[in-house]
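Worksheet: one structure, shown below.
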Amino acid sequence: MSDNQDLRIAVLGVGIMGADHVDRITNKVGGARVTVVNDYSLARAEEISALTPGSRVVVDPFDAIAAEDVDAVVLATPGPTHEKQVLACLEAGKPVLCEKPLTTDADSSLAIVKAEAALGKKLIQVGFMRRFDHEYTQLKDLIDSGDLGRPLVVHCAHRNPAVPNGFDSAMIVKDSLVHEVDVTRFLLDEEITSVQIIRPSANSLAPEGIQDPQIAIFETESGRHVDAEVFVTTGVAYEVRTEVVGELGSAMIGLDVGLIRKTKPGNWGGQITPGFRERFGQAYDTEFARWIKAVKTGAGTGNYIDGPGAWDGYAAAAVCAAGVKSLETGQRVVVDMVARDSVAGA
Amino acid sequence: MSDNQDLRIAVLGVGIMGADHVDRITNKVGGARVTVVNDYSLARAEEISALTPGSRVVVDPFDAIAAEDVDAVVLATPGPTHEKQVLACLEAGKPVLCEKPLTTDADSSLAIVKAEAALGKKLIQVGFMRRFDHEYTQLKDLIDSGDLGRPLVVHCAHRNPAVPNGFDSAMIVKDSLVHEVDVTRFLLDEEITSVQIIRPSANSLAPEGIQDPQIAIFETESGRHVDAEVFVTTGVAYEVRTEVVGELGSAMIGLDVGLIRKTKPGNWGGQITPGFRERFGQAYDTEFARWIKAVKTGAGTGNYIDGPGAWDGYAAAAVCAAGVKSLETGQRVVVDMVARDSVAGA
Amino acid sequence: MSDNQDLRIAVLGVGIMGADHVDRITNKVGGARVTVVNDYSLARAEEISALTPGSRVVVDPFDAIAAEDVDAVVLATPGPTHEKQVLACLEAGKPVLCEKPLTTDADSSLAIVKAEAALGKKLIQVGFMRRFDHEYTQLKDLIDSGDLGRPLVVHCAHRNPAVPNGFDSAMIVKDSLVHEVDVTRFLLDEEITSVQIIRPSANSLAPEGIQDPQIAIFETESGRHVDAEVFVTTGVAYEVRTEVVGELGSAMIGLDVGLIRKTKPGNWGGQITPGFRERFGQAYDTEFARWIKAVKTGAGTGNYIDGPGAWDGYAAAAVCAAGVKSLETGQRVVVDMVARDSVAGA
Amino acid sequence: MSDNQDLRIAVLGVGIMGADHVDRITNKVGGARVTVVNDYSLARAEEISALTPGSRVVVDPFDAIAAEDVDAVVLATPGPTHEKQVLACLEAGKPVLCEKPLTTDADSSLAIVKAEAALGKKLIQVGFMRRFDHEYTQLKDLIDSGDLGRPLVVHCAHRNPAVPNGFDSAMIVKDSLVHEVDVTRFLLDEEITSVQIIRPSANSLAPEGIQDPQIAIFETESGRHVDAEVFVTTGVAYEVRTEVVGELGSAMIGLDVGLIRKTKPGNWGGQITPGFRERFGQAYDTEFARWIKAVKTGAGTGNYIDGPGAWDGYAAAAVCAAGVKSLETGQRVVVDMVARDSVAGA
């Protein structure tokens, strides 16, 4: 397509995050517009479409994907629907930006990796937005510069003030820890080979029956150690922190979120970002801007993505599967994952 | 104009900053494109235009302003050319985003304020980009929330590692301190009534004959105190800091620019932003995105700006004129400025 | 006296600070003990003496100074009584650690400087305890190392949450700003030549009639600039901050007082030291330990002090006198002070 | 003994740390003096004694303990000699401040616990100096205040720039990690029940054959989780950090060691403490001052200690023994430790 025309996007799933994406495409990021809105709730789809001039509601998600006035698809639907929807995008030959998880289990993710590889085009980008965050990209650049020497150890903390109703212990692994899985793979450029989930004495303020906090221990291919505290009912704020310890030095991001240092009776400090939208708004904007640009120029190269792809979605699913297994026993579980070079074109 | 069409912009002056703006409009901010490039150096204009598909060079700045394929104008030309160029925009009825200063003296700025007021439309926005910076907007919000109580004192520091050849003592006032003038007016919502420039023992590493650093003391209408250290040959980095001290607490921004906290042999800390483009890149992006949107919707309301206007340019010029006068004597100089309500429509 | 015997000390004035010093000598600093306690309130003296085994009350301050079982004197009496008490110490040939101010005006301080100089012994130390604070000594060492290059500008902030009843505008100069006077002289190693007190719109929460905050501007012999915000009714905490800006870099102390970084719902940060005892407790301990040691070894050298002496007390008094004068007019006042080498032995 | 007389101390072992203690007693902490110096190197003992007026060298450590002019003993000898020397102190009825470890294995430590319990007096204090450090005591106070809610997770980092020749992997557990063992027990007020040592890919700059860094995972009686990175060849500085995550908030100490924030070309930040003497000098001073005072008043109560005792030394030895075992396999090892109430009087 021409670089001068707007990319026409269908957004499937317009809950909080999908609606954010509609707004992002419409008002913040240039070069694209939302032409089709879809949601399992028709009322919700109509509500969001009404706020989006030039868009229409399509009731069936597969019709939305196939629609003539749709050049590319954004999936913000629930995880269990992703598999079929992503495959439909592949079939239609349409680029898709799929919110994590790619699918809810490693097998179906692998099937998608293989289907895309067979197609010979990179059509699938997975929404690990932290790779577009200023702090994480700075940290990655610092590691790659060699300034810290070889990284040996990574410490992560991922804290949410609260979680929605129905959140359970396995979702802490699959919905929260999955970000630390991708951050680890992004920063260290290698796969995670085993996972152990340690289950400390649980937060008495967490909903009954949830194991929270959890401590995850990753080992990577070259033997590096990563630990990640995931604590999703802190009551405090949205805190995301990563420290990399290398042979020549260490570096930390996420310590002081919020730029104002305020001094009031009895204390100094600053505000913490209340939620992921405030913390990662810039990352989402950048992710979308770069994806739209990649899609527009993809015809020439067969590469319609600029960010994590299907393989990254599969790797995350495989590691999380091991994590969920470890959650039952607290013991180390080896990640079950095919070698990348066993899938030609992945 | 229609919200669906790209705004067509002429950029006049494509030195470092103007070229940044061309890139910003072309690649970062949606909804607009550069159709005309102009510079007093034809070669430079051609170089930048060649990088900008869809643009052409127009040799004469007034032809550029008047061109049919130009909906709005960005002025990044030298200060002394602003007066005539802004007036030409008014005459053509075209919105203009004019880099500071509006003009180089208070009288000509006031003439522009009056000309625009007579026209009955807000066409002129002045490029005080700090008003769009996340830190400054957070600080402004904090003040307006009442959380700090009534602000009584503001401390500013503005440090550059180095200045271009030919920079002189008065330019420290007119090119650097002018930002603190606007920040003061923005944060405190009132005018500055007197200025004193204190001239400490000068930096021996500064070019011969430059009074650097300078300490400016502002008094505002309601008697608040602002001091600003301006030091433009520190050899260190680009540092911009503001602290507001109120009746109930204080707050500071600009302390830790650079988000990574790095630990290496012997020390901890982080990088400082080397220059204004790194420090205020986000602010410029936001400024342009909001201006483009305002211009597109201006026909309905007669208001084509979303940010500081001609009056703010005039007020800054009046305060800087007092500053330059004080620079000669070191004594307090009362700002000579008309009352805003004496200019109907300003 | 022998290094193995305890130094016997009379403490005159056992209000909050004097009582602290009694406790300091008795329980924290080795090598000395309090043998005599004196206060204008006999009851108070008896109360403190009762807590101090081995001490007795002496009703008259001059008897206390002259007492046989007193080797050295600590003065924590009100400022107006200092002159006669210090002169009595000189007459008795007894070392004295005099809390600031040395005296309440420059003339009487100069008289004491001359009296001590005539004696040919350094018997008088003045209690500018910041010179013993870890942060200030580190900053002084950093300046002296040349790492920052020649210091050009110093910014100070001195904030108290509240002041005692009866505190007035002049006391802000003489009791609070006096510390910034001494810090300036200590860090820059030169005299202050002029003072201007700027009087911003006052804190509406301050007691009626007090000019608070005040901004002091010092010029030093070599033309350096120092500004100091003194704000003694902030309602917040005890905050003391100093930034030195040199030709090669800058450094700041006092930013994050309190070592724990705490994260609670909505914010991160730490506690601020509530008062001067918490902030400068270590400095007082070190000051006393070093003074006691100096007194014990003074007989050999005629030097019984290890810290600021009578001249420093005089210089501070002269600068504060100019400050009080400036407070009336807001104008710059030249400091009236004799040259140090005009007083042989000062 | 009388509170007015100096406590007479024998210092056994005057290497770097023992010599520091001699200096501390002689010059920094009041109320005590070193009368006897002992070292396995006679030359070293004579060198240190010569610097210490009033002291003499005693060649045999047991003669030193038994000497008539010795009221109390400081042990800074190598760990393997502690057992017999501590027992000799018990036999002589003399208070002893024993540098960690109490002994080098859990069995001998338990034997000492029992011997002291049988005596019915608390004569043994173990040198876990962090309990006297301002940061740790503030953190402990914060936990005990309930402000963070119930602590669930603790993260520790312990980094040394380098280690002495001959340091091996097990010593990382017994000499470095032992501090985190005691910090955990101090902060959480309960015993550690299992230890796992994770062995990441080792630092290529570490001496051949050393497993460095190590990650220790502790579980406590009530199921809390503690992780500790111990990395003793960072080449960077001495860094000690602890974060406590509770049900209502979290707190961290040790982040910004060094109080000056310096800005130089390209970066901001501060110095890191180069070694443990700089970092914990205050803690050692406070530890000694309080111990001396406790010894002086012990006769009345039978309690000659003010800090961690023999039981704390035993508990640390038992946890470290499990750690050394885990170091071989990387697996979790349950701590083998008797119940405290099984030893009457412990």
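Chains: A, B, C and D, in written order; residue numbering restarts at 1 for each.
Following the convention adopted for this analysis, contacts are C-beta pairs under 8 Å (C-beta built on N, C-alpha and C of every residue); 3 or more make two chains touch, one makes a residue touch a chain.
Fair warning: this is a prediction, and the values are worked out from it, not measured in the lab.
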item: Repeated interface matching A-B, over half of the contact pairs identical, chosen among B-C, C-D or B-D; value: C-D
item: A-C against A-D, pair bridged by the larger set of C-beta contacts; value: A-D
item: Between chain D and chain C, distance of the C-alpha-averaged centres to the nearest whole Å; value: 38
item: Whole-Å gap separating chain A and chain D, where each centre is the average of the chain's CA atoms; value: 45
item: Approximate Å spacing (C-alpha centroids) for the pair chain A, chain C; value: 58
item: Contacts with two or more other chains, residues of chain A listed in rising order; value: 235-236, 248-250, 255-256, 258, 261-265
item: For the chain B and chain A complex, residues of the former touching the latter; value: 3-4, 28-31, 53-54, 134-135, 138-139, 142, 147-148, 248-253, 255-256, 258-265, 289
item: Chain D residues touching chain A - in the complex, by the definition given at the top; value: 149-150, 152-153, 155, 157, 198, 200-205, 213, 215, 217, 219, 222-225, 227, 229, 231, 234-236, 245, 247-250, 255
item: List of chain B residues in touch with chain D within their complex; value: 161, 235-237, 239, 256-258, 261-272, 274
